[in-house]
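Next come two complexes, and both contain subunit A; in the first it sits with subunit B, in the second with subunit C.
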Partner chain A sequence: MTDGGMSGGIGFAAALAAWDAAAPAPARACGLKVADLLRGFHPDHRPGGMVQLVAGPNEGAPCPAQLAALLQSDSLLEDVDLAGATILDADVLVLGGGGAGCVAALAAARAGARVLMATKLRMGDGNTVMAEGGIQAAIGAEDSLQRHFEDTLRAGHFAADKALVAALVGDGPDAIRWLVREGMSFDLADERQRMGGALLRKKPGGATAARLLSYRDFTGLELMRALREAVLLQPGISVLDGHPALELLTDDRGRCGGAALQDLGQRRLVLARAGATIMATGGAGRLHLAGFPTSNHYGATADGLVLAYRAGARLREMDSFQFHPTGIAWPPHLEGTLISEAARSAGARLVNGRGERFVEELAPRDVVASAMLRELAEGRGVGRDGKLGLFLDTPSLEREQPGILAQRLQTLSHLAHRAGFDPAREPFLVRPTLHYQNGGMAIDTDGRSALPGLLAAGEVTGGLHGRNRMMGNALLELVVFGRRAGASAAADARQERPRNLGLNHLAGWRRGLLAAGLGLEAKGPLLFPPYGNVTPQDLRRHAA
Partner chain B sequence: MKVLTDPALCVGADLAAWMARGGGEGLSRALAEPASIIPVLEAAGLRGLGGAGFPTHRKWSAVAAQPGPERWIICNGNEDEPGTFKDRFLLAETPHQVIEGALIAAVATGAAQVVLYVNPREAAGVLACHAAVAAWQAHPLAAAVSAAIGQALCLRVVESSGHYIGGEETGAVSSVMGGFPFPRLKPPFPFEQGVNDRPTLINNVETLAHVAHILRHGAAWYRALGLGDAAGTKLYSLSGDVLRPGLHELPMGTPLRELVFVHGGGMLAGKAFKAVFTGGPSNTLLTGADLDVALDFESVRARGSRLGTGAMIVVGEGTSILRKTAEYVAFFAANSCGQCPPCKIGTHQVSRILERLDTGAGRIGDLEALENLSHMLPGSGRCGLVDGAATVLASSLETFRAEYEAALPRG
Partner chain C sequence: MSETEPAGTPLRLVFDGHALQARPGVSLLQAWIAAGLPLTENVGCMGQGVCGACRVLVRRPGERIAGTALACEMPAEEGMQVSFIDHFPARRPHAYDLSALTDSWSIPDQIDAVFPEAKHCRHCSGCDRACPKGIPVQRMVNLAAEGQVFAAAELFDACVMCNLCVAACPEHIDPAHLGQFTRRMHAALTLRPADLMQRLRQIEAGEQPIDLDAPGASPPVQT
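Up next, the complex of A and B:
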């Protein structure tokens, strides 16, 4: 699994001619059972796609090669780098400024803790704001916590931790009340009823009840807006933007007591000492696992996983990722950008380089993505300027439902405009894009990891989604577990103060790497993907 | 007094004509006394005229102080924002002013790699630059520059991808290196790590065009061109509801009223003055209360706005602020590179709401949504694009709220 299943493909001009001649595209039978399709072509299942971890708490577990290389990397720091570093003290340190980090910081501060929130980029500049669909919570009269629980477990192929899922769905209704109190707006069933109105509920894919709450189609942005304002107004929270964590600090008992941060502006190291540390650094999409493009933000480089793993926290389901079927394949500067499911829901078909339909477009995401990868792997993809994809047939859709692109699919039309073509005349070139990290740090229902002093919330954690995440559960997760982790951290910080802090875990970690025959050449975390121009070597140099 | 747009200097790519009109004098003085170049610019008070107003001598000193032999100069002519049309004029009509300024910068900073970075959509400018650069290659002054910096001067034209963000400094660096103009995080700043990770000086075309004149006539002469504390002249791109839109070179610090009612010939069709979208158009609107403002960096900032590129898009009674704002935000949405999610999502959603409001399809809660977005978005991107979109939105919404309310559905 090194190239995302790429091979030759059919030239763009020839494919366009085949599509034009055949439109509307005839369907070709799949000829494979769903289980075989997934086993054969889903990136999670493809043979050779995973390597086994050979060092650390998850030794023996499967994991994508790029991620394994980072998880089993050496630190960017040495003990000597800490000498003379600026020291900041807090009760609770929150790493990450997306949704989960903000909720955790608010919860901890309101429980009486002095909170330091450190972000790699800036508060709110993360994946949370890209959530378009909404947030799930069982608040309908015909719905129940039990149904939300069962829907979530089923969607995750029954691999999720039941206690975590129970906590998630159980806190759901109160999480919505909390968001409303924070000032977040939701769509109302009747827009004219401004006071006391019921929230509008939609049915998310795979759910047995209407449970998806939304705000227009930028729920994540509105959520982040409310959280950001709340954080800025909350006494007791200091925000440090542009301060990525390079390493966790541990004391002589192995307990986590903060982190070493790189102040990007001043180019100096800052030691943030805290009684409890909350990891809220998000996922790993920007590692482009198996060569896939990603819908993820530039900052999603698995930094939190790397730091936590190295310090002794256990991970789970690190071999499970969600792929969204329709990411842009061409032009290159928009590669990976999502075209939402709304296009396929409205009737847009997927067509291969021979002008054939090859899958039922509204099947579950993993099935559609696998069928697409099969087309690409078997040479029926469409090649354009070295990029390989499949057609999303927007011209036929527009022909069948005139005006639909302008009226219902404005976001898609906006993307086409940015890509420089007319979607009513030319189909999009799409391919599956890395969307979400299903696994992550193992936590308990209070958000605590196995490493004392270290808690976690949001996409960096695993166990809630099993092997496949349901739409609308990611936003709920960050609220529910952000609150839980924040409250737990405030309580923990009252009881434990760090002592003899340093990079105490690194000696053992390095011995482990060497014992496993890995060497110390590879450094991590990645922090900034290659095109960001700031390399880990730069940081190391500036830190020195 | 016209300096940059003096018709006598609009000789196109004809280098002999440029030299016959005093061209080369500034460069010769720079070559005679390289150490004095930066102090002269400092004394003249030259500032970045691409919009930031950053003191030019500080950028030059920063690049000059960097270690290593490889340094770059990018003459930023990517100009793409609505309402700004000054750089394309300079590049097409009088490119030698710009090149001579860039060569003086090369002498001052020791940079042998000089790039005229131009927007391919402005074909006349691209052609003129190619011809002008070709003319310099064999000129003795170019050889003298090579001798002064101890390396062979490499002067060339690089066409940008034509994207607006290609004008952002780090986007320009990426573009010159052959990539898509994705802005990146700063630091490191281009002066320390730009093209090929080497020190890189990036100046707007208008800024560089002044340099040869300053070296030739002196700092005191340049300072005296401006009004009040402001120095030099400024190219104001005047457009919108005025009688005589166009490029006006006037003393820096010319009052807005004079620009609109004297040089611009007053409001089109005698309509009352309503507002001005300034330089970008990504700033707080100037209104009738600001007609007395001197159009220089400090005075405009004191009114809570920015001079920016010097673009002044004038709006009169009868023109819809909502429509204009919708157009500009649509521009920003189309030009967001998509790296920072709040910018990618936010500019697009603001654009959609404005478009809906303007076409009579507004919804209850739209104004709250716009207000909330205008609070959320500033500062959420690595470059200034999202800030500009949020500022123009917030400002128009605050100052002309009645126009927004009138567009809401009744009842």
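Up next, the complex of A and C:
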């Protein structure tokens, strides 16, 4: 994969010598205003990267070309495919089995709903389990909900929905208590003080207070372990692994009433009918927008966005993606894998091929990533075996805080071991990696979309992060809005049920595609990335 | 070893019955993908090693017994024989309700009631050999059976929920779920941070209002 504008950089041996001679690296002034840095170097602003959507609820809005092609694709299904399909009924259908899906399923089941959870891979597989850094909640005495609210808005360039952000930060402390009740652990400032005492707090990039709570540097794994057991043991939830959604079902009044699922094991179609459907399908990193590697899990292919958009749900900020500053650039077999912001939070510096610091490491992620891309574009990167990156100076961090790599940055040390070097002696080679979809489905504070019967939670939603997400707000979002959407869905399912379910929205959708001159050849959703060596059409063929 | 890119002849291995070639240095999962084989299950985090989805049986040339591993973490080697291990549910659920577990004096009874097989451990160490993370699983089982919750929970700190120990246990102890039971109990019954509880009290008393129109909630005025 290539992304244009990168020159060869400085050779690894020369760069290593420059780093070694200068460490700890002296800072070089940036010389550019933040707005100019973002405009010049953030991938969202790449010339020709965005196209205008010409069909659907967001007609006229900018969107990355690869995503637009999927959003404006035709269905994989025809009415005839539904005949004879297996039918399952539930009160609430949850699409997606990551963090948001699990929280939503638990909340709906505990509100009395019969819940069906359908997931493409396996319950628990998703980006949540891979989250490393932590979860934000304003619990410090010097901190406040108001500060968390304003920090989130500012980091998102004031593009977020204020009511959503207020709901997010306002539920924050209660979300932490909820997680502890589910059996999730958190790091303490003093491990002996389990009753009383204080949670360990770190400062996320762009924050005005130490607000990031964590469990070592695998917070998402700890969260997901507790949630997975909770879902498995919760009466009233049935889990269907290996059942990606191919289409939403709509009734003759345009209300969403479930989804058509492809049973990958039996190669058959299943119609899951429900009073309310919660979209919790996560993000789009595996589309490798702008040719970037990604830190996302295998299933992050924007399926939920495609289905919701086609059925009439409005999206927002679809032209805004987060590139995490520190993905691995070398060795190639770990390319794109994330090194947590916890490393920079702890004090690790970013250093270019000349041995210089070039950015305040804890500035917001979009600023740090843009500054890194600028170094690479202007020839100050480090080249190694054809890969280009910048140094993450772990040896200086270890010298300044002996033992930190082994005790607090275990995942990082484990990655270095797999890359074949000692992070206490040699710096990592890193570069920005496609990490998070800032925008998504527009929702209200109860998690409802504009399409009746369809709710959403987690990364698939938009409006919470504006145009740049703060570290630690993604895990918080999935808990807060998973709970809200689950409770709303259980309530909605008690209302009048959808009737005459089918693919009622497709006729109008296809008319729209043809009217826009797009044709019906392109099909979606994608389900698996191209290197999965299988298309949805392959999976539909040989159907029993 | 990190100085040069491993080069040279491709490795030959057999993966789920497919004879394939792989570049030296790639993981088993990358070898499968590079061979053009379809990948729709047994995959998740693609290399971070945290989701436990890509479980494989691996046998090297000359070895009599196959071992278990995660395909995203295990480098391909010459002559390996590999097969994915599909996920299957535990034989029976070990059901409990964490929120109903309020009497912490009864913890040994609770563990015994939910996981009665734990005290029947045969000490075969099949679970230890199965664990791709090197957790001393059997020791955790024995500690949990004695009611040593904190010690058992700490041993399961690195668990990635691959459930290979569940598949390995001849007594159907379900060590992975027992480990999570101790971890969840540990947090839910004993973690009570004062700072969090203070903030919750303030919120419930209405002392943490959010002003949507505060000056800091809008872009600074351009001059």
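One rule holds in what follows: the second predicted complex is superposed on the first by the 416 of 544 C-alpha atoms of A that agree within 3 Å, B and C clash if a C-alpha of one lies under 4 Å from a C-alpha of the other, contacts with A are read in each partner's own complex, and residues count from 1 in each chain.
Operating definition for what follows: contacts are C-beta pairs under 8 Å (C-beta built on N, C-alpha and C of every residue); 3 or more make two chains touch, one makes a residue touch a chain.
As the structure is a computational prediction, the values presented were derived from the model and not from experiment.
For the composite obtained by superposing both complexes on subunit A, the positions of subunit B and subunit C are in clash. Contacts of A:78 after superposition on the shared chain: neither subunit B nor subunit C is touched.
Of the two partner chains placed by superposition, only subunit C is touched by A:338; subunit B is not.
Contact with neither subunit B nor subunit C is seen for A:444 once the two complexes are overlaid on the shared chain. Of the two partner chains placed by the overlay, only subunit B lies in contact with A:267; subunit C stays clear of it.
When the shared chain is aligned, subunit C comes close enough to touch A:146, but subunit B does not. By the document's definition of touching, of the two partners only subunit C reaches A:230; subunit B does not.
When the two structures are aligned on the shared chain, A:192 is found in touch with subunit B, with no touch to subunit C. Residue contacts after overlaying the shared chain place A:417 against subunit B, while subunit C stays out of touching range. Contacts of A:182 after superposition on the shared chain: subunit C is touched, whereas subunit B is not.
The partner that reaches more residues of subunit A, of the two candidates subunit B and subunit C, is C. With the contact threshold set out at the top, residues 121-122, 124-126, 129-130, 185, 194, 216, 218, 220-221, 224-225, 228-229, 264, 297-298, 332-334, 337, 411, 414, 418, 528, 531-534, 538 of subunit A are in contact with subunit B in one structure and with subunit C in the other. Subunit A makes touch with subunit C in their complex at residues 121-122, 124-126, 129-130, 137-141, 144-146, 149-150, 153-154, 157-158, 162-163, 166, 169-170, 173-174, 176-177, 180-186, 188, 194-199, 216, 218, 220-221, 224-226, 228-230, 232-233, 241-242, 264, 297-299, 331-334, 337-338, 385, 411, 414, 418-421, 426, 528, 531-534, 538-539.
Across the complex, subunit A is touched by residues 1-2, 5, 25-27, 30, 33, 36-41, 43-51, 53, 73, 87, 93, 95-99, 157, 159-161, 177, 180-181, 183-188, 190-196, 198-200, 203, 208-212, 214, 216-219 of subunit C. Of all residues in subunit B, only 170, 179-180, 182, 184-185, 187-188, 193, 197, 333-334, 337-342, 344-346, 348-349, 351-352, 363-365, 368-369, 372-373, 375-376, 379-382 touch subunit A in the complex they form. Chain contact summary for the complex, subunit A toward subunit B: residues 121-122, 124-127, 129-130, 132, 185, 191-192, 194, 216-218, 220-222, 224-225, 228-229, 264-265, 267, 297-298, 332-334, 337, 410-411, 414, 417-418, 528, 531-534, 538.
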